[in-house]
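Next come two complexes built around chain A: one with chain B, the other with chain C.
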Partner chain A sequence: MSLNEKRRVFLKGSLAAGALGAAAGMLTPGAVLAAWNKNAFTAKSIDEAIAAADGSPVTTPSKDITIKAPDIAENGAVVPVTVVTKMKGVDSITLLVEKNSTPLSAIFHLPKGTLPDVSTRVKMGKTGDVIAVVKANGKLYSARKGVKVTIGGCGG
Partner chain B sequence: MTISRREFVRLMGLAGAAGMLPASAFAAARKPSDLYEVPKFGNVCLLHMTDCHAQLNPIYFREPSVNLGIGKARGKAPHLVGKAFLEHFDIAPGGIEAHAFTYLDFENAARKFGKVGGFAHLATLVKRLRSERGDGNTLLLDGGDTWQGSGTAYWTRGKDMVGACNKLGVDVMTGHWEFTYMDKEVIANIGDFKGEFVAQNVSVNEDALFDYRFADFKGFDEDSGLAFKPYSMKSVNGMRVAVIGQAFPYTPIANPQRFIPDWTFGIQDERMQSIVNHVRENEKPDLVVVISHNGMDVDLKMASRVSGIDVIFGGHTHDGVPRPVEVSNKSGKTLVTNAGSNGKFLGVMDLDVSKGKLKNYRYRLVPVFSNLLEADKDMQSYIDKVRAPYKDKLEKKLAVAGETLYRRGNFNGTFDQIICDALNKVNDSQISLSPGFRWGTTVLPGQNITMDHVMDQTCITYPETYRREMTGQEIKAILEDVCDNLFNPDPYYQQGGDMVRVGGLDYVCEPGQSMGKRISNMTLDNGTKIEASKKYMVSGWATVGSKSPGRPIWDVVADYLKEQGTVKIKKLNTPKLIGVKGNPGIAS
Partner chain C sequence: MAKTIKIRAKAKNGITVVKALITHPMETGLRKNKKTGKLIPAHFIQEVVCKHNGKEVINCEWAGSVSKNPYLAFKFEGGKKDDAIELAWKDNMGNGDSISAKIR
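Let's look at the complex of A and B:
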């Protein structure tokens, strides 16, 4: 898909969301966020967060998960991260930032037939790993990628 | 004493006759009769310059005595200095090449062999090689850091260098400091440049794409989102040569993002692989090369991960490496070079290419000695014209050098110390911090220090100074952060600069340690221990995040110098190092 087309799809997506938002205008925020997994997103440790998000803290490291993220972040406040896997039967992809005080950044629930290829931006306070947990056929797999957050400057 | 061309030829002849030149195959390829007679070989000749940092006139440049390799890089090119360097590359000590490539006996040798570089002298060399190889058989590649580094480049916003490069006939280039002007100036400069500007690793970020300000720029591709053309196809002696560009991957981190908010960089080696594959499949190339501003360690790693590149012509780390490093990868071998800095060298690679294959090559990193190459008249008059409006200001004498003043090396050079001392004195601070750039020319003892020299060391587009309190803990955090950019064992996490320079502060550094554990025993000049929670008055310059409030650094340094008369360094704030004994990257 060309970037142009991608943008069009993105625009459609935003419009749909906008329309939904309008229809849902009468809902209180609490009701909208009913599906928000509070325990997972407020968990202070990696294991707790994964357990709350995916049911168990135990994951198997997998080479079939690719995390695309910069080696050194250009801006720690918005670090672009993409997770792609060739695995079949993916139910969800969970993204965590190891050194954040609340490590869980995102949970993507993938409806059946969706390509397991998700992108978002995460906030990183300091240098550490980005962790992706893929739930496929009821099992948990994981991968890590180091991202350095630096004060910048002083380059030659 | 400076030797003349005629004397030089005589000396080289004598050296050859007396068997003083090593008899290796590498040395045999050199003709002792003339440093600039590079024997012809093959059918394609690629000339490579990089990191001249806008030095239009000849200058002195001292190579480092500290260029440490840590972990797997220990003892390997380019992390060799002095005698270890000469031994590794089989260069006879005491001669003109030993002087060109090392700091050994710098002062005497510099007086003997004279200044290096200068675009008028480089132009003569380029013209000579181009005519010897024949019309259409060469390409001149520029690895970047060309449009920044001198007073005139700063005041003309890089335009003096665009003009000089057009005269020199640069065919293809990539960049780093080129991106430290405002984005619209970068786009305008590239528009004026007659060669091609390539960079496969610079994209327009997603937010900017919606309403991109430079959508009309011809290098921009909306489908791929790339801000510049990723590669260029050139015909050289009938051979199809692909030149892929790799800009400095960490430009928006090492330099201000605020000047170029729409562009995102990174190493992007997966994209590099897909572009190499695309070129190999669709362009029917006979040769695929990369001009890279990664820095040599990053290039060596990238060459091991990406396959299908014949040669990476590298820059950024300013390593004058006489022989390419051959790196094995999945589909064969990639040659990696690095061609020094400040206009001191021209890389000359002659390649034997046929039917899509590189069969063999010869490489020489030719030092540009300005006494041995006549100035090209046309280029010289261009340089004189460019400098004319600024000449009086630039040539103003500020002080006299009491010793060799230089910057390059992993830790404080003597010129850095002047900058740091000036900051502490003029700004009345206890500690000063100055960036570990690798550019900046050298001044010999007895030479006048002029505004030209001060600008050579300081002229960036974010020169403002600051004075503020910092805790001991904050100062340590800065030192640790920069130290990791220099010594992280994984080159992809390095940024290619040297350690931040300090004034009024001593410390112990263990490069082999991990992030956060390299710096210890921080003390003030008088020996008082730095306490983590105590506040200290610090001054510095070159802040990337936001504009600092103070005067430009060059005014601070000039004010200081004017009061000095003859400048001698009282104390060099270079750290005590742990764990580097026997490392051939440090002078013993």
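Let's look at the complex of A and C:
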């Protein structure tokens, strides 16, 4: 099977890369997937990440965005988050975790007809805010929700 | 490849709710192997696309900070029983999987 062959080749390649050091391994992802927004996902600050993901770091806080997340997360490795908004014409929902070393966690592109109501689970290194940025009709709106983390989900 | 995706789509009152679970380690690349002290290479899903009757209904870009064995739920308008739903993912190492299912 061709997929399996590829996998073999790939495994060999990754072993070699591992021997050369992590840097060699880090070069591959960008080449594999052009669509993936590398600049946004490697940004270290929230403003940079939002700017790279949505085109501008300026967002308007909005009460129409609801972030459903626990007040206290016992396990930071699995924090369920739901973002819902009543706004119309939502193009994308961007999810960031304030205190992670690379804050951007996920971007959801919503074509017309898909409701602005998405759920996933994220890792949180420590207590901080979960930030949702909603792009609707070309404008950016944001909301925050504080989550207290008792056991970190990154490292350890 | 072993099946990595579980998906359930249900149509009710003109709105379809899709819930999916993907089996994936989602390594951030920041974690260390406790025995060797070396960093575990990043290995996470970067892109998830879901289609309804061939039309894209969601397109996600993810980072390693999405939890291990990621969960995704979303809703879209339209969709009825027995419509085709397709979900596919791709990770930073070039692996991927897809599944086709029917709306219930």
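We adopt the following convention: the second predicted complex is superposed on the first by the 118 of 156 C-alpha atoms of A that agree within 3 Å, B and C clash if a C-alpha of one lies under 4 Å from a C-alpha of the other, contacts with A are read in each partner's own complex, and residues count from 1 in each chain.
One rule holds for everything that comes next: a contact is a pair of C-beta atoms (placed from the backbone, for glycine too) under 8 Å apart; a residue touches a chain by one contact, two chains touch by 3 or more.
Everything numeric in this text was worked out from a predicted model, so none of it was measured.
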Practice problem: Look at A:I151 in the shared chain and tell me whether it touches chain B only, chain C only, both, or neither; answer first, second, both or neither. | Solution: first
### Message
Contact-wise, after the overlay, does A:T127 reach chain B, chain C, both or neither (first, second, both, neither)?
### Response
first
Partner touching more residues of chain A, chain B vs chain C, is chain C
| After lining up the shared chain so the two structures overlap, which partner does A:P70 touch, if you call chain B first and chain C second: first, second, both or neither? | first
- Query: After lining up the shared chain so the two structures overlap, which partner does A:N100 touch, if you call chain B first and chain C second: first, second, both or neither?
  - Reply: second
Interface residues of chain A shared by chain B and chain C, listed 3, 7, 153-156
So, in the complex, the side of chain B touching chain A is made of residues 209-210, 222-225, 248, 250, 252-255, 257, 264-267, 270, 316-318, 435-439, 477-478, 481-482, 484-485, 488, 492-493, 495-498, 500, 515, 542-545
Seen from chain C, its contact residues with chain A in the complex are 1, 15, 28-32, 39, 41-42, 46-47, 55-68, 70-78, 90, 92-95
Chain A residues touching chain B in their complex are 2-4, 7, 68, 70-75, 127, 146, 148, 150-156
Counting only contacts in the complex, chain A reaches chain C at residues 3, 6-7, 10, 14, 18, 22, 25-26, 28-29, 32-33, 35-37, 41, 77-80, 82, 97, 100-102, 104-111, 113-115, 117-123, 153-156
